[in-house]
Every structure is written in structure tokens, then in C-alpha cells.
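The following pair of complexes shares a single chain, chain A, combined with chain B in the former and chain C in the latter.
And then the complex of A and B:
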């Protein structure tokens, strides 16, 4: 117990240093800040403008009104931003595998996966966070939600779970490179799929699709199921106030599976010849 | 300090037939070939030793050193550092090792060198007092303090390697692994690096294990050599022992006043060009003095010199077999 606590402190201490260095790196190249600050929020604000247009033209999407869609969109973008901050390195894992860049992590006394993500922590992801929070607050206001402590806990739990699901999926896909010995830049594709399945209610897709998104690639749990339950929009496979906690559970399961798959891959790691 | 037992590493290599038809065939039926990169290596290394791993490209040196540093998982066998198995207790064992691989860097490219050190200070939980003391020692040997405020991306290769060496030594590891550390360095950087290795070995009793193709590194640093070829250990011993075993001869070069050169019963004339003749003799059979005395009875000798079998001869012979 005491040992575990000491280890946690060690990891927190290193994380603090990594975040400090990430900020220093951003400051080192100030010109790129401006570009990101403009292009990233714009991308999501535009996306939301499209939803607004669609809803205003058709009234609602599959029983979801404008405010509820804004809430869903906000949650989706916030969890996307969090996964960008902590787990975006997963997109490039294949390159680390084939160029032997895991060597340095393996020779240091910390978890390899931890070092891989946190020494490369992507503070720029904050630029995605801002539009997400704006749209989310806007959605809360439109739905006239009462902000209670329970509600806040549910939202936070849901976001943690959603971020873990996204991160776990990046790790699972990235770890295939240990076995295939090739690097695939899958970031674009996954983001495309994730966006289309987490920003809108998945109940608008065919049932077979919904089955896949619920049980096989559990992205339905990132935003659709918990938000639907929280706002009481639709009757789905699971209803009730505990659904955000199910999201967290799904997130943990995906993460544990991803971690195990990564570890088994790391045993096959071949580094790169000198 | 380090014990390596029956260490082996196999790779599966995809065999591909040539051309488009070969590529298509490969899609349907995959042929794998098992490559034995390292075969059944066993040896141990004591505290404070400097050991050089040498062998041609692809001999298995890097694979061996990477298994010893916990980067690659051995197919068979184990590596014990300070009595602990590195595969089973990676996180604990790597606290005792430092690693520098010549073509790779663990430094943060974008920031000043000092930030990379700072991160390592947190990773290895180094006390401020020890951290400063180590940096002082490193500054004395390598003059690292004048580099600390320079961004790594603006450094020359020589400066970057210095940075990496210090980064690997910050937590005062008992064992330092160096994979081709002098590759691409100029003469003065090589000199600085060799001085560094000798100094930390003397001051901190650090065990150093390095692979190299540089004969200068071997001559100046390595008391012990392990020669590897085709994944098998060919030789293990100190330099002069290996020279005596593999190349137990010397070459005597004699210059005469004219072109006629006499033969000698106990040595072999291996070259004769103009006034100069070269004789190869076995060290334990005879001495240069004896041969010179005999030869000078037959002809007048103008000049003599003796060539010892050098490391390059050793390597040529060892690699050839």
C-alpha cells in the first residue's frame, strides 16, 4: 500500500515535469500556437454549425432535439480533446516500433506505455478542448439542465471513461505494428469514424452497425449511451443514471485489454539495427 | 556484476520471392525463415571491467547488448545484472544501467540540454545534492556545463553524444552500455569520449560494455574483448592473450644494401621487393634478435623493424573463420 502510494507520487512528479516541458516546447515555437489556436477550434465550430443547420431544417435527428445534440456534440469533442492530449501518440506507435524508438523507454525505471504517452504529452490538444466546452455549456443551457453535484460527477466519470475508450482503441490498433512490423498512420481514419459515431446519435445507423458499435468496437459508450441515459432521450440497451459509470467500466476494460495486447507486443519488439 | 546464461535470440524473417508474382505468392502463402541472431552465449563480467564486443556488421553484437540492457526479450536464456533477471524485473534492474546508442538520442530535441537532464532527475528520483555532484564530475571530464543551456537541435554530433553520455550517467549506474559510441565522431570528440569512459571507470568503478568497429577504442579502452561472429562467441579474453592465440607471430622487416636476400631456416620469407625482405616468425620458436644475428652473418643489413600482429589482423582472422 505504502509502496503503491510512493510509486504514484513518483509518476505524478514525472508527469508534472513532462507537462512543464511540453509548455516549454510550445513556447519554443510560438508561431505554431497561433495556427493551432485558429484552425482547431474552427474545425469543431464549423462541424457544430452544420448540425445546427440540419436540425433547423429537419426539426430533430432521431428524436434528439437541438439542445440535446449540442450536449452530445460537446461531450464527444471534449473526450476527443482529452484523448488528443494524453493518447494521440498512439497514432504514431507503428513508427516508434519500426524505428526502434521504444529503446529509450525500456531502459528507464517506469512503465513503457506511461513514458510513451506522457513524455510526449500533447498540450496543444487544449485547443480542441475549448470549442468542446463552449458547445457543451451551450447544450446544458439549451436543455435547461440543473447542475447538481451528481450531474457533475456523472459528466466527469463519463469523460474519463470516454477518454479511456478512445485511448485504448488507439493503443490496440497501434500495437498491431509489433506483429506486422509495419507502420500504419491510422489517425485520420479512426478520427473520421470516431467523429461520425460519437458526435451524432448512433441510433440513426442500421441495427447491425449499432451492434458493432456497442459490443465489438465500443464507441457507442463514448457519448451516445451515457448522454442518452443522462438526458433521458431514447430507450437504449441500458438506461438509468448509472450508465456514465458503465462508460467508465467499458473504458477500463478496453484499457486493460489494450495494455495486455501492448505488453505481449513489446515482447516481440525487435528494436532497429545499428 | 553481469551474468549471461545460454542467451539466444531467433528472428522470423519473411522470405519473399522476386517480382510481382512473388509478392502475390507471398500474400497467399507466407514463407518464414528462422534467423539465429545470437546462439547460446554464456559469459560473466565483473565489476569495473571495460569489455569490448567486436564483430562484423550483423554478427549479433547489437542484439546481444540490447538483450543485456533489457530492450529485447531473449528467445532463450537469461541476463542477470547484480543477481537480478532483467527480463523479469526490468523496472528495478534498469536503475543500475545507463545506455547510449551511437545513432540514437534520448535527449529532447526542442529544448535546452538541461531540460532533458531535469526530466531524468525526476525519472530516476535523483536527489538535488547528488545531481549537482554528478554534474560537477561530468563537467570536469567533458566540460558539459557550457552545453547545458544550448538547445539539443543546435548541437554538433560530438556535443550531442557528450550530452547523451552525461544523461546516461546522471543516476550513477553501475553498468554503462555503449553501442558504437564513437561512430561518426571526429578525432577530438573520440578522444573526449575515451577519456570519459576511462575516467568514470576509474572514479565511479562503472562497468562499461561497448561495441565498436574502431580499433582505437579497442586499443585504448578494452582490457577484455569478446569477439562475436554469426551469433557465436569466437574469442573471449584480454587483448594480448587473444593476439598471442590467434596471431602468435611477428614480422621482421630487413633492408639490405642490394636486392639479394638470404633465407632463414626458422622463419618464412613472405615478401621480397627490391632491397627489402619480410620474414614471418613464430614468437615462441625464435626471437628477432636471433634471426637478425644469423642474417647479418650472411649479408650486410642496413635497417630492421618489427611488425606486431595488430588488432586489425586479429579481427581479419577472427571474422574470416
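And then the complex of A and C:
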């Protein structure tokens, strides 16, 4: 028990140092900071503008009005931002595999997956978070929601779950590189698909696709199911106050599976140059 | 010319090396295309036509847009950045070819490989699962082909101009992202700009982005009359000339003071 606690403290300490270092490295290239500060908010502001224009041209999207869509969009962007901060490295795992960069992690007495993500923590993700929070608050105001403590807890639980689902999926996709031995950079595609399935109600897709998004690749739980339960928009497979907790459970399951897949892949890892 | 053909050939072989990437790309792009198709189907459920375009044309638009996006992949900006960061730009410049000519040949090579690897499969899948993307007016085919070639060149020049920022700024990952988002959203590749409010649409029509995706696509689905399309192509050509001139000017200045990192 005491040993476990000590180890946890050690991990916390390392995490603190990593974050400090991450802050230092981001100021290495000034143009880069300026770029991210423009690029990420720009992307989401424009994405949101498109929803507005579409709603103005067509009315509702599959029974969701403008305010509800804003709420959904906000949740989607915030969970995206959190997953960018902690798990974006998953996108580049292939390069680590073919260039043999896992060597450095294997020699240190800390969990490989932990090191992989936390020594490369991506502080710039905050630039995604801010527009997300703005749109989310805007959506709350448009839907005239009563902010109760229960509501806040639900939102936070939902966001943690959503972040874990996204992170798990990145790890799963990245870990395929151990088996294919190629640097697959599916980051852009993954994000585009995630955008399409988390920013809009997935009930507009055919049932076979909804089935896949609910049970096989559980992206539906990132935003669609919890938000439609919270706002009471649609009758889905599951309703009620507990849905955000289901999201958390799904997130944990995805993460555990991803961790197992990563570990099994790491056994096949044989560094570069052999 | 022979040298460039050689680079081109090498790049084709390089692009075809990893089988898994090929299938992965096809699957991912197919998913994106099909989700877009259902997005538009859901929107058109209650309306017949919006902005003078019906649901059927919109589906054609989506399929052809997916195909075009394969054609409009550029690697030049990333290539310049990498060679500046790693310092290989020095050796690149010592070669007896123009470095931008070399990068252009590489991009053409990738596209030739991707044409068979991605475009053909995506076309077949799109035709089977969504609809056969028939051209509205077959007599506009020459116009469509010319506008696609021009849009490819415009796209490449914009990418190269962005890439040249790396000569002074070194790390341009973020700027590449800015460019990517601007292009995706303002070019009409996802949402045609005729759905935008009139004022915004007017501004966008003056920028080069809509001439990359939306103009060839409008010609394909037969939106607007011939005069309108020809006017669009005129503006497209003007942009091509402006960007080419800018490219030649900046190229001369930027390559003169290349900073080599780590030698």
C-alpha cells in the first residue's frame, strides 16, 4: 500500500516536471506559438460558423435546433482538446516504431505508455480548449439550461469519459504500427471522421452505421448519447441521468483494451536498424 | 527533364511501398465520403432544392470532391520544412536541379500513384454505395478538366509559398495547419459557399480558395450557366498568374538566405 502510494507520488512528480518542460519547449519557436494560437481557434470558429450557415439554410439538422447543436459541438470540441493535450502522440506512434524511438522509454523505470504520452504532453491543446468552452457556454445559454451541481458533475464525467474514448482510439490506431511496421499518419483522417461523428447527431446516419458507432467503435458515446440524454432531444438506446456515467465506463473499457493492445504490440517491437 | 522524370518515378515507387497505408487511406476516405453523403441526405430530407441545387447534385458534388481531394494532396510544404529542420536543404540545393522542380516532380509522382491507389477505388465505392456521379452536361468536360489542372496548380503554389516560410521561421507545423483549415473550409470542399450568407460568399469569391474546389465541382454538377462558369474560370486564371508571379519572386528571395541547421 505504502509502496504504491510512493510510486504514485513519483509519477505525479515526473508529470509536473514534464509539464514544466513542455512549457519551455513550446517557446522554442515563436512563430509556432503564434501559428497554433491562430490555427486551432480558427478551425473551430469556422466549423461552428458552418453549422450556423447550414442551420440557417436548412432549418434543423435531424430534429436538432441551433442551440442544441451548439451544445453538442461544444462538448465535442472540449473533449477533442483534452484528448489533444494528453493523447495526441498516439497519432505519431508509427514514426516512433520505425525510427526506434521507443528504446529510450524502455530503458527507464516508468510505464512505457505513461512516458510516451506524458513526456510529450501537448500544452498547445489549450488553444482548442478555449473556443470549445466558449461555444459550450453559448450552447448552454441558447438552450436555457439550469446549471445545477448535478448537471456540472454530469458534464465533467462525460468529458472525462469522452477524452478516454478518443485517447483509446488513438492508441488502438497507433498500435497497429507495431504489426504493420509502417508509419501510418491517420491523424488527419481520424480527426475528420471524429468531427463528423461527434459534432453532428449520429442519428442522421443509417442504422448499420449507428450500430457500428455505438457498439464497435464507440464514438457515439463521446458526445451524441450523453448530450441527447442531457438535453432530452432524442430517444436513443439509453436515456436518463446515468448516461454520462455510461460514457465514463465505455471510456475506461476502451482505454483498457487499447492498453492491452499496445502492450501486446510492444512485445513485437524490435527497434530500428535490425 | 529526364532528371525530374526520374524523381517522379522514384516517388511513385515510394508511395506504393506500404500496402497497409494504401488500404487504410482508402477505408478512411470512404468513411469520410459516406458520412458526408448521409449528412447531406439528412439535410435535404425536408427540402427539394436549396440554393438552386438539389440533393442528387449535392451527392455528386460530395463524391467528386472526395476524388479531387486525393488529387490535391501536396507534400511540398512539409518537405521544405523537414529539409530545413534536418539541414538536408543544403544538399538538396547542391543538386543540379531546381529544388522546387524536384519537389513538384515528387508531388506529381505521389499523385500518379494515388490516382490508381485511391481515386479509382473511391470512385467505384462511391458509385456503388452512394450514386454514380454523372456529369450534368458532358459538353462542359473540357472546361472541367482545364479548371482541375488550374486548381491543382493554384493549390500547389499556395502550398509552396507556405512552405517557403520555413526558410525563415523553421518550424511551420502550425502554419501548415492554418493553411489546411482555411483551404478545407473556404474552398467549398465540405460545404459549398453558396450556403454561406451573401456577404461572406462575396468576400470568398474574391479569394483563391473557392477556385480550388468549388469552381471545378460547380462545372461538374452544372450549377450556374455557361457564362457564369467562364467568368469563374477567368478569375481562376488570374489567380494562377498572380500566385505564379509571387512564387517566382519569393523563391528567388527566400533561397538566397537559407539558414542551414546542423549542417
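Simple rule for what comes next: the second predicted complex is superposed on the first by the 273 of 274 C-alpha atoms of A that agree within 3 Å, B and C clash if a C-alpha of one lies under 4 Å from a C-alpha of the other, contacts with A are read in each partner's own complex, and residues count from 1 in each chain.
Here is the rule we go by: a residue touches a chain if its C-beta (ideal position, glycine included) is under 8 Å from a C-beta of that chain, and two chains touch if they have at least 3 such contacts.
Note that this is a predicted model, so its numbers are computed, not measured.
J.: Could you tell me whether chain B and chain C fit or clash when both sit on chain A in the superposition?
T.: In the superposition, chain B and chain C stay clear of each other.
J.: Between the C-alpha centres of chain B and chain C, what angle is opened at the C-alpha centre of chain A, expressed to the nearest 10°?
T.: 90
J.: On the superposed three-chain arrangement, identify whether chain B or chain C touches more chain A residues.
T.: Counting residues of chain A touched by each partner, the higher count goes to C.
J.: Once superposed, minimum distance in angstrom between C-alpha atoms of chain B and those of chain C?
T.: 8
J.: Which parts of chain A are in contact with chain B and also with chain C?
T.: 28-29
J.: Inside the complex, what are the residues of chain B that reach chain A?
T.: 11, 58, 62, 66, 69-73, 90-92, 94-95, 97-99, 101-104, 106, 108, 110-111, 115, 118-119, 122-125, 151, 179-180
J.: Tell me, which parts of chain A touch chain B in their complex?
T.: 10, 13-14, 16-18, 21, 24-25, 28-29, 100-104, 106-111, 119, 266-271, 273-274
J.: Would you mind writing out the residues of chain A in touch with chain C in their complex?
T.: 28-29, 31-36, 38-40, 42-43, 46-47, 50, 53-54, 56-59, 61-62, 176, 180, 182, 184, 186, 188-190, 192-193, 196-197, 200, 204-206, 209
J.: In the complex, go through chain C and note every residue touching chain A.
T.: For chain C paired with chain A, touching residues are 18, 20-21, 24-25, 28-29, 31-32, 34-36, 38-39, 41-47, 50-51, 165, 169-175, 177-178, 180-182, 185-186, 190-191, 195-197, 200.
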